[in-house]
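Next up: some structures, all given as structure tokens.
Two complexes follow with chain A in common, the first pairing it with chain B and the second with chain C.
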Partner chain A sequence: MSDVMHNFELYQPDSIQGAADLLGEFDDAWIIAGAKDSLGWFKDRVIQPSVVVDIGGIAELTGIEETDDGGLYIGAMTTLTDVLENPLIRDRYPILSSSASQVASPQIRNAGSIGGNISQDTRCVYYRTGFPCYRAGGNTCYANTPTAMNRDHALFEVSRCVAVTPSDTAPAMVALGASMVIRRKGEDIEVPASEYFIGPEIDITRMTVLEHGDILLGIRLPADWANARHYFEKVADRNTWDFALVSITMVAKMAGNAIEDVAMVCGGVQCTPRRLTEVEDVVRGEVPGAEVETLVRRVASRGAQPLNFNHFKIPLMENLAARAVRSLA
Partner chain B sequence: MDASGPYDPTLDYPEGPAIAEIAGGGDIKPWRPLHVTRRNFLRGVVCSGIVIGGSSYLFSAATPARADARGVERMMSLTVNGKTRHVDVAPNETLGYTVRYRLGLTGTKIGCNQAECGACTVMADGRTIYSCSTLTHRMRGKDIVTVEGIAAADGTLHPVQQAFIDELAPQCGFCTPGQVVAGVALLNANPNPTEEEARVAMSGNLCRCGAYEHYLRGVMKAAREV
Partner chain C sequence: MAYRLIGNDFTPPDIEAKVTGSAKYAEDFRADGMVHVKVFGSPMPHAKVKSIDADEAMKIPGFVALLLPDEVKQPDVTGFPILTSEPKYHGQPIVAVAAETEQAAADTVAALKVDLEMLPFVVDPLDSLRQGGANALEGGNVSGRGVDFQELKWTGKDFAAAAENELPRGAAPIEWSFGDIDAGFAEAAVIVEDSFVHATNSHHAMEPRSAAAFWENGKCHVWGSTQSTSFAQPGLARMIGIELKDLVFVAEYCGGGFGGKATSYPLMALPALMSKKLGGRPCHLRVSRFEEYANGMARSGFQGWTRLGFASDGRITAADIFVVQDLGPTTGFPDFNNVGNAFSVVFQPPNMRFRAVPVLTNTVPKGPQRGPGENQTANMFEPLIDKAARELGIDRIAMREVNAPGNGGVGAKIGAKQGPLTSAFLKEALTQGAETFGWAERSANSGMRKGPKARGYGVASAYHSAGSSGFDGLVRITPDGTLHVHTGVGNLGTYSYGSTSRVAAEVLGYDWDHVVIERGGTARHIPFNLGQFGSNTSFTMARTNYVAAMDAKAKLLEIAASSHGGDPDDYDISDERIVRKSDMGVVMTFAEAAQMAVDMGDKYAGHVLPDDIHEMTRTSAMAIAGTGLVGVAKDTLPKDGTAPALTASFVEVDVDVETGSVEILDFLTVSDCGIVNHPTGLAAQSRGGAVMGFGLALTERHIYDPAYGIPNAASFYHGKPLSYLDVPLNTQWGAVNQPDPQNPMGIRGVGEPLQGSASAALLCAISDALGGHLFNRIPVVTDMIVNAAAGQPQSHKPLATNTV
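Right, the complex of A and B next:
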């Protein structure tokens, strides 16, 4: 149910320092960027922070620049539309344009930020509607029961919580070897994407390394995979609004007909984007074709532990991995 | 009474000239629930039986002044359909609420109120957004266009509006204001869209009546005309 939001004090600082000071001062201060994830929480009255810090007015957080090492830097507040339309990104990292173009709907992409997209919380229906589950600080999981609605939930790396990563762009960040620049207690730290997203075994109440008081400044994309071959495919119930049931993201470098190097990441099957290292090992050095695809199918979902209603994700994942490899032929 | 001064919710503005102005001179009857007299309000309550939900919805904006001077100031200027107005806006207020209930621009519809239908679509600096899921305070300095600001000042319909009529696009019409805004925003940015581009641009607008093909044909028809 969606309602009018609770009352809160709204701050619109115009500098990173100003935002950091407010976060330091108020224990329950909540950052909003595009606010597309946050207002859902507020309207459902599940999360009701008394202080909201709107970082939309901080000019430094917006924009896309080339870096000295030939890569790109994307400010956290840059909208998804600006990311997907940016000619440099289209050119060098088409995988990021195509994954950003599949997020939600045009209106949400016009307002939602790339930083918010990779920092958003999971969409487990129980958690989002206020059930006091493990992730909410309680002591049970409502999704992992024989009759629960767990069609959207995880196949891998489950630790009490079976929720999955909701972000369409997060797998691209992992595949491209991006790193997240974070202002923490006055210092800027850089965290690789593979460590930015965290699973329940590390902290069941968070999806990323961001702690209270941290501000994500931007994302650094190294040149490593620029202009490589890219593949992205998202399967959802509807093409608009719906989160991925499973998505596949791949970057690859070819040497003649053979796959020289590859990174493949799957979304929607685990709490974090899942790197398919076994698939990578199978295809590296091989020429794409029916034989390789058979092997890919065999290893893609190895280790999956399905719940009652998400078995379908296993063949889906295998087929998507095989299709990604086929695109290189 | 000086209707050009700051908006004061405690005053009873007789005709609401500002609304007609914002609406681009059209003949629009303002409906301003913040002006209901106490008696009218009670009558409404007796009839509707939703006193708690209803009153908290309409009057949640009447929260106390900000406690901290660094927080946003409630009085803000908002540019809607080319006219800048001073409005009293609560920190937790959405743009959909502000345009409908404070400015009386009820063309913008609230369907789902959670960024999932597009009935509330307006333009901000030329880009479509969901007004139900946008804090009004974020819109300071932005140029907002609602469906009331699409037709010409003399009432001539925009080609998109005319084409929707010609193509019999609206069925119940609830999604239509959002479809109009999405269609116009597309053609402003890209006067010659392919059908695929138009589909994507209109994809954030749900139509319960399922008139998608009609809206799409309307946009493509308008594109040939603008």
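Right, the complex of A and C next:
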């Protein structure tokens, strides 16, 4: 933990193609956006790539614009501050403004990008401090032992690794049905948010589908949930510079007093944003109230498998799911 | 008496540099030819170095030198070495390297091959006290100030005798008592008995303990980060292995210390030792955030038990207290002593027994942190006072008022020997605070629910000793009429170096614009002062600056008498001039008198000095001798008793029982700190102490996986100090503003208890919101509230510490 980065070659391309070429040229090239995640790795010397490609100077990766289908396109390098302050996003997708406003601290939001925020690595303290765990290429999980300090870790979908997604905005992407636009081998592909985030059963060394050489270009938000009812709440130990213990993200459409349609996603409980489909099935068509809340609590955490120190997340996610539904009353 | 300066705000002279960023800290040191120093920290919590292979490391371009453990002086087994071949905690420096660039130094450290043999280690004191439990150090597990290093194991019977959630109570090397506790419990109407845990937590100083040094003409120049410009020097000189007169020390600014930089520390000496090896070449050590967390010390945690007896009117009849202190891997700091003392002051029990066991662990080194022991006392005991109040049906303010020392401290006592206090108005602070806060009306809403939010109110008191004596003052009036106040107290950020310098100006009747504060290092010729710690600065430094100014005043009058005839008593001072009392005619200005002092020499100009001043003061006075009228004296003013800093805090919260979130709605603290010298300073301390206290109550703790002994909270975001976004924008403060009779200006300090009473009041408010639920564990973190509200058990094992 010298706080001094290793030596590396830094490239700062000014075009997407230039970045793609560099990523193709160097096998261990590491891509940085706002670098709020990567520089910590480097300063701790846990990750030491020989080549770093900084895409912060690529103008076409920045900006927010309306799309023909009534949705929005957000460049991956757009800062979190620009996302949370953007009037279009505030009006149509307040859930994204809210979640972006809860990321880290004002200073980090000013430099950190939306693409980096949704694609950041997990904050499991064992993994981040250099333990040779499964995710780091080893053969054990240090956060799931009889003595492990795993208060922050997963309740669901554990597959050797028990780390959780740390992103505040990733659940909003899933709830809003966003698509991630990725430059891969010269082609632009779109990956639904529900598939963009991957768990350890798919690849234990990654949090997203991004592969070496891929560049996340932007995020496409469809109009489906624009101007719908939104609810976001993050529970953390501090109001700033803290990761969610559990967060809840919900979008809903009302038909009179009843919930016509809903998408609810929970953060901080598994490796990927967790869609609470059972909750959605319970509340769809129902009028919010005490009876519905009771049912929501009953199913919200169903299937949870707590570790040594995180069983508090069960009532917490049940409560958050109930509060989200309560907000529709 | 009306003062011109005391009690009024002023602009500290260094504030512009801090605000603009032009202030130079130790980390800003640069010099031609400077090399960079880095350390190899132990990857294990306890180990023995078998070999060090530096062959590859020495090939790193830019490599300059290695410094090994056998090249530095080694302390006793429980001491704090600069480098060690038997590391006792994760991150402890084993080898230091020097290189032409910081990059090369870091690369050299990374290329070192240090072969270590793992030794048994322990992170929980109770585990070490068990039969067969690991010792943190070879040969023993118990130490502490006044406690011989020894191996202490409790019997299986000791552990079996305690219930699952009850602290076992075996042999204790510390035990004292007064009164008759059996009789006290016999007369109690209510007895409260509980066990509790208080976490360890880091200091979170923004400025890490970086340092720099070089040697020139036989003197060692050191730039360091310290709270105590004078007081740190003797220890630093000893660590470097030089005489005090050969140390040139610069410490102009300190970016946060909170007790962790109260005195000298090993990393401060490291660049000097490397520089010595390199023939005096400038060496710079930039300490990383992780290294600061690993080596920067932490507050000691406790595991404890108590039995408290209360009469029907709320008076404490007896107190029986047993604490186990997590001492870390060195002698640490005697927080345990302060637990007993603090309880005895705040609650004035007539009968009390205190037992303590300081236990060594392989965790980060422990040192004093703001209210070391005293603030843990507030957190551990104040919720139990509430518990008794509820059982007795007594208002919680009344419960404290009936026990608190007040009325100037008449009859108030402290500690095992039941010594006196110089003054105490804690009872009055509680009363004043309750009125300002509107306690009677607002606390009627205790437990009020608004949806998932429950309203709670808390009140708590805290104490710290707040004054010393026997240190030196040094002032000088130069022939241009300027008053120079030489102060070595340090610049921790409280600006008390400035506010106490105003005492000298007050005594001499100076316009503040005509005063220069000489501070920041040896070159400013500073006297030997106590450090800026222990809430003592205001009391102690007011006295030293007073005696120095009085010495200067006496010399001014003597000069006037020698020049214009008569006795010194025939003269007085007014508006920076000496006047004849009989006709108030001006005899001479201070500037003229200062020139006369230079001309007269002898004691007037500092050529002849008092015999009883410290070596450092003598050196400084000799350095300025002949440049003006020198006032220099040791504080021998009467002092009988302990000067106490006392505070009472009040908190209003909403606790969300669905999320575990705590929202602090309102906060007030009232201080008993003598006459308020610097109102804005007290306001800042009140608020800063509260913010720090709220973190102590809610979020801050060290965490270790006992399988590895590696700290899991060694960064700001893991350590979780609170920020402005976590606390109310506006907080209230007040003071009883009653003079301390043993300070010539009536002044006392109050830095430390402002944190403890705030944190304890918050803990009490959370408990109040939850219908009196007691966690008996500090901090009360989010998950504990969620679990309690959900009616499910907590995750942590009973009495476990250094855990989540």
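Going forward, the second predicted complex is superposed on the first by the 327 of 329 C-alpha atoms of A that agree within 3 Å, B and C clash if a C-alpha of one lies under 4 Å from a C-alpha of the other, contacts with A are read in each partner's own complex, and residues count from 1 in each chain.
Everything below uses one rule, namely that a contact is a pair of C-beta atoms (placed from the backbone, for glycine too) under 8 Å apart; a residue touches a chain by one contact, two chains touch by 3 or more.
Since the structure is predicted, the reported quantities are computational estimates derived from the model, not experimental observations.
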With both complexes overlaid on chain A, does A:Ile31 touch chain B (first), chain C (second), both or neither?
neither
For A:Gln107, decide between first (touching chain B), second (touching chain C), both and neither.
first
Based on the superposed arrangement, let me know which partner A:Arg151 touches: chain B (first), chain C (second), both, or neither?
second
Quick one: is A:Thr240 in contact with chain B, with chain C, with both, or with neither? Answer first, second, both or neither.
both
Does chain B (first) or chain C (second) touch A:Ala324, or do both, or does neither?
neither
Contacts of A:Val52 with chain B and chain C, given as first, second, both or neither
first
Which superposed partner A:Asn7 touches (first chain B, second chain C, both, neither)
both
Using the superposition described at the top, determine whether chain B or chain C touches more residues of chain A.
C
Overlap of the chain B and chain C interfaces on chain A comprises residues 2, 4, 6-7, 43, 105, 239-241
For a test of understanding, state which residues of chain C touch chain A in their complex under the given definition.
38, 41, 91, 102-103, 105-107, 109-110, 286, 288-291, 294, 452, 658-661, 698-699, 703-708, 710, 712, 714, 716-718, 720, 722-723, 725-726, 781-784, 786-787, 789-790, 792, 795-796, 803-804
Quick one: in the complex, what on chain A touches chain B?
2, 4-12, 22, 32, 35-36, 39-40, 42-43, 52, 54, 56, 81, 104-108, 110-111, 239-241
Note: in the complex, chain B contacts chain A through residues 56-57, 60, 63, 66-68, 70-72, 90-92, 94, 97, 112-116, 118, 121, 127-130, 133-135, 137-138, 182, 200-201, 203-204
What residues on chain A touch chain C, complex-wise?
1-4, 6-7, 43-45, 105, 125-126, 129, 142, 145, 147-149, 151, 233, 235-243, 245, 308-313, 315-316, 319-320, 322-323
